C-alpha cells in the first residue's frame, strides 16, 4: 500500500461558513464507495487533500466518525492549495489521503467532564470531537463548550451551534469580540469568558484550539482553574508535506506533528522545544 | 568466503557483474567530479578516489522522484517493476553503506513503507570497499562500530591489498555473487588485509566522544551557543544535499494543463521556505533556528527516535561547505560546554 | 604578517571604542588552505582575525543580514565594490559600514592545488609568492601565481575602491583584459556555446550556494521559491536548471562585481561566471557602466536617461 497515493473523492457539497467568505466547508465522498467503509477515523485526525496540479495540504476532519456519509473539512483560504480548493465546484474531483495523525484521547476522556475551548476557525476538529461525544453522550460527563469568534458572522457551523444551544446536556457559551447589533450572547475574548464560566477542573480535561494569542492567554486561566498540564490538550498546525513522518519538516523536537500529533497534551509540549 | 581478484582481472569480474545486475560504481565525469553512476562497461570505473562528491543515496532515494502521474479522473501509479531491477552498488565506502541503514529507519517503517525506496533497497546488493587511506576530513570512527573498514550493512567487502583485492562475503546475497571461479584468499592475503585495515582505522583519529552529547543537547535549545554558531552559515543546501543521511524532501505537483505528475524533490531544512506557513508565520525564520535544527535533528532527535545518530562521519559537509562551517568543530564546541 | 596585524589592531580599536557592534573578518579555518568568516564582537578576541591567500569569501553578503547594526568589514577590492553597490542599491547605509580595506593579490584555488599535487594536503605555508604544501610524507612548493582563482586572474580592482582604513600598502593594478575569455566564448558559433552551457550546468544540484554566497542575491523571496506564480519547478529538469541560471545571471546584469564567490561556493565546480561576465561586458559596452566603483552613479538598469543608446529603432 503506497502511502503517498491519494484516493479520488468528489466534492458533494460546498458551504460558505463565514461572512468574509474565507472559510468554506467541503463535504467529500470517495469515488470508490468501499473506501468509505475502510476510512476508519477518530476525532482529531486529519487528511491531506489534493488539488491535482496545485498540490496537497493537511486539513483537520470536521465530521465525527459517528456521522455517516461524506467527510467534512473546513478550509481557510490562505495559500496555493486552499485558494485552488476555494475555486472548485460541487462535483469536482480532489484527492484524499488519510486518516493521518493521532486523535483526541477519547479513552482518557470517557467518564470525565470535558471543556472545549475554541477560537475562530480552529474549531474544525473540535466539532468532530463535540459531535462524537454528543452521539455517545452516556460515555462522557459534563460537556462545556466556549467558542469565540470575531463577529457573529465569523462562527463556523452555525447550524450545529444553534442545535447545541437548544440541548440541555451541553453547556454552550458563544462569545464575540465586540458588541454587535442583534447579538444577545456573551461579549469578550475567550480567555475572559472562560474565566467567567469557570468550569471545574475536577475529573476534567480541557481541549483548546485557536490562534496562538488566544492560547497564550487561555492557558493561565486554565491553570488558575486548577487544570494540570496533563489535563489540557491542543491540536497543532505546521507546514506539512508527506503527512506520514518522512519528509522531515513538521517536527517539534523529536516528535512530528503529522505522526505523533497533531494532538498533544501540554504536559508533552512542556518537554518539547518552543518551535512552533 | 574469502576470495582474491587480481587487479588485472578486475575488469573481467565487473563484466560478469554487469551481466547479472545493473551496476552503480564510482566514475570520474567530464567535469572531473567523482560520482557514483550506472556503468555499462568496466572501463568506466574510477577507483582512485577518497569518496565521491555526492553520496550514493540518490540511487535509493533519487533527488527527483515521480510519486504518481495524474489526468482528469485518474491517478496513475508508477509501476514498481520499473524500479525493481537487480542492482549492485560497487565500491561504496562503509560510511555510505551505514547511511543506508540510517535511511531505512525513516523510509522502511512498519506503519508507512515508502514503496519507492524500499523496492530499490530490497533489490540492491552492496559490494562495499574499505578505505585504505581515509582523508583527514573523515570522522567515521566517532560513531559506534563505525570505521573505514566497518562491514555493517554490506553484502560483500573489498579490501585493496596492492595488486589484488580481497573479497569477503558477508551475507547470503554476498554469497550469491559470481565468485566461484575466483581463487581463495591465502592466509597471507588475509593477514595483509588485516594490516591494511588496522592502519586505516588508526588514521581516522579525529574521534569525538559522543556519549554525553544527547544529554548536553537536551538542555541546549535556548542556549546562546547557537547565536554565535549560525552567523557565517549561508543557509544554502550544500551540506544537506551532499550528506548521505539527509533525507528531507518536498512534494509538489508539476502540471501541464489538466495532466501532470506529483514529484518529490530533495529539500533542506536550511532553506527559508522549509517551515514557512501560508499565514506567513515561520517557526525558523533565521539561520540560527535552522542551524540549531540541523544539529538537533542529527544528534538529538534522530537519536531519540531511532537510537542512532543521523551522521556517518563521511566529511563531505566539512570538505564542501562554502564557509568552512565544520560540524566536527560544532560537536566539539557542544561537548565542551 | 603586517596586514594581519593592522587588521587586528583596527578591529580592536573599533570594538573598544564601540564604533562598531561587530567586525566581520576571517579566522583560521579547520582545513589547510581555508580561512573562514569570523564575527568578532568582543575586543579581546580580535587576535582571531587572520589575513592570507585563503580569505576567499565575499563578506559583503553578510551585510544584508546585519542591517541596523554598525559593522566593520574586511574587504578586498571586489568586496569593497560590493559595499559600494549595496549602498547604491540602498540595501545598506554607507555610514553603518566601516570598511577595513585590504589590497589583495588574489586568492588561491585549493581545489586546483589539490589536483595538481595529487596527495591530500595536511598543511600549507605561504611566503614570498610561494606556497609549500605538505602531507604526511610528501611536500611540494608551488608558485602562487599559478593557482589563483579564475576571478582573481582577471581582476582589475585589487585595491579597495573605498575604505575607511587601509590595512596595507596598495598593490599595482593589473592591466589584464578582464573580458578576454568572454570574447573567446563569444566568437564561437551558437551551437558550440549552447553545448558548453548545457554541459556546464549538468552537475547543478539546485543547492543555491551560488545564490547565498552572492551579496546581490538579497531578495526576500527568490523567484525560484515563488509559488504564486510558480515560475519554475524545484527539480533537476534540464530546462528548470537552465532557466534558474540564466535568470539569475540576468538579475545580476550590471550588478555583478565578478568577485567569483558564486563559483567558489559551488560544490560541483561549475563555471558560473561565464554568464555574468558576458552580461557585465554588455552593460559596460552599452552603457559605459561598471558597478561598485562610483557611489554616485545609479545602475543603468534601474534608471533611464534620454541619452541612453537607442539602436533598436
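Letters are used for the chains, namely A, B and C, taken in the order the chains are written, and counting of residues starts over at 1 for each.
Note that contacts are C-beta pairs under 8 Å (C-beta built on N, C-alpha and C of every residue); 3 or more make two chains touch, one makes a residue touch a chain.
These figures come from a predicted structure and were not determined experimentally.
Which pair, A-C or B-C, has more C-beta contacts?
If we tally the contacting C-beta pairs, B-C comes out ahead.
Give me the ID of the chain with the smallest distance between its Cα centroid and the all-protein Cα centroid.
If one averages C-alpha positions chain by chain, the most central is B.
Could you give the separation in Å between the centres of chain A and chain B, each centre being the mean of its C-alpha atoms?
40
Can you work out the whole-Å distance between the CA centroids of chain A and chain C?
About 51 Å, centre to centre.
Which integer distance in Å separates the CA centroid of chain B from that of chain C?
The answer is 31 Å.
Quick check: what residues of chain C touch more than one other chain, meaning two or more?
Expected reply: no residues.
By residue number and range, which residues of chain A touch two or more other chains?
Residues 79-80 of chain A each touch two or more of the other chains.
Hunt down the residues of chain B that sit against at least two other chains at once, touch-wise.
As it turns out, chain B has residues touching two or more other chains at 250, 252, 267.
Which of the residues in chain C end up touching chain A in this complex?
227-228
Enumerate the contact residues on chain A facing chain B in the complex.
1-6, 8, 50, 52-56, 78-80, 82, 93, 95, 237-239, 241-242, 244-251, 253-254, 273-276
Which residues of chain B touch chain C in their complex?
For this pair, the touching residues of chain B are 29-33, 50, 53-54, 63-64, 133, 135-137, 228, 231-232, 234-238, 240-242, 250, 252, 254, 263, 265, 267-268, 271-273, 286-287, 318-320, 322-326, 328-329.
Residues of chain A touching chain C in their complex?
My answer: residues 79-80.
Touching chain A in the complex: which residues of chain B?
67-68, 70, 72-75, 77, 106-107, 109, 111-115, 221, 247-253, 255, 258, 260, 262, 264, 267, 269, 274-279, 283-284, 289, 293, 296-297, 300-302, 304-305
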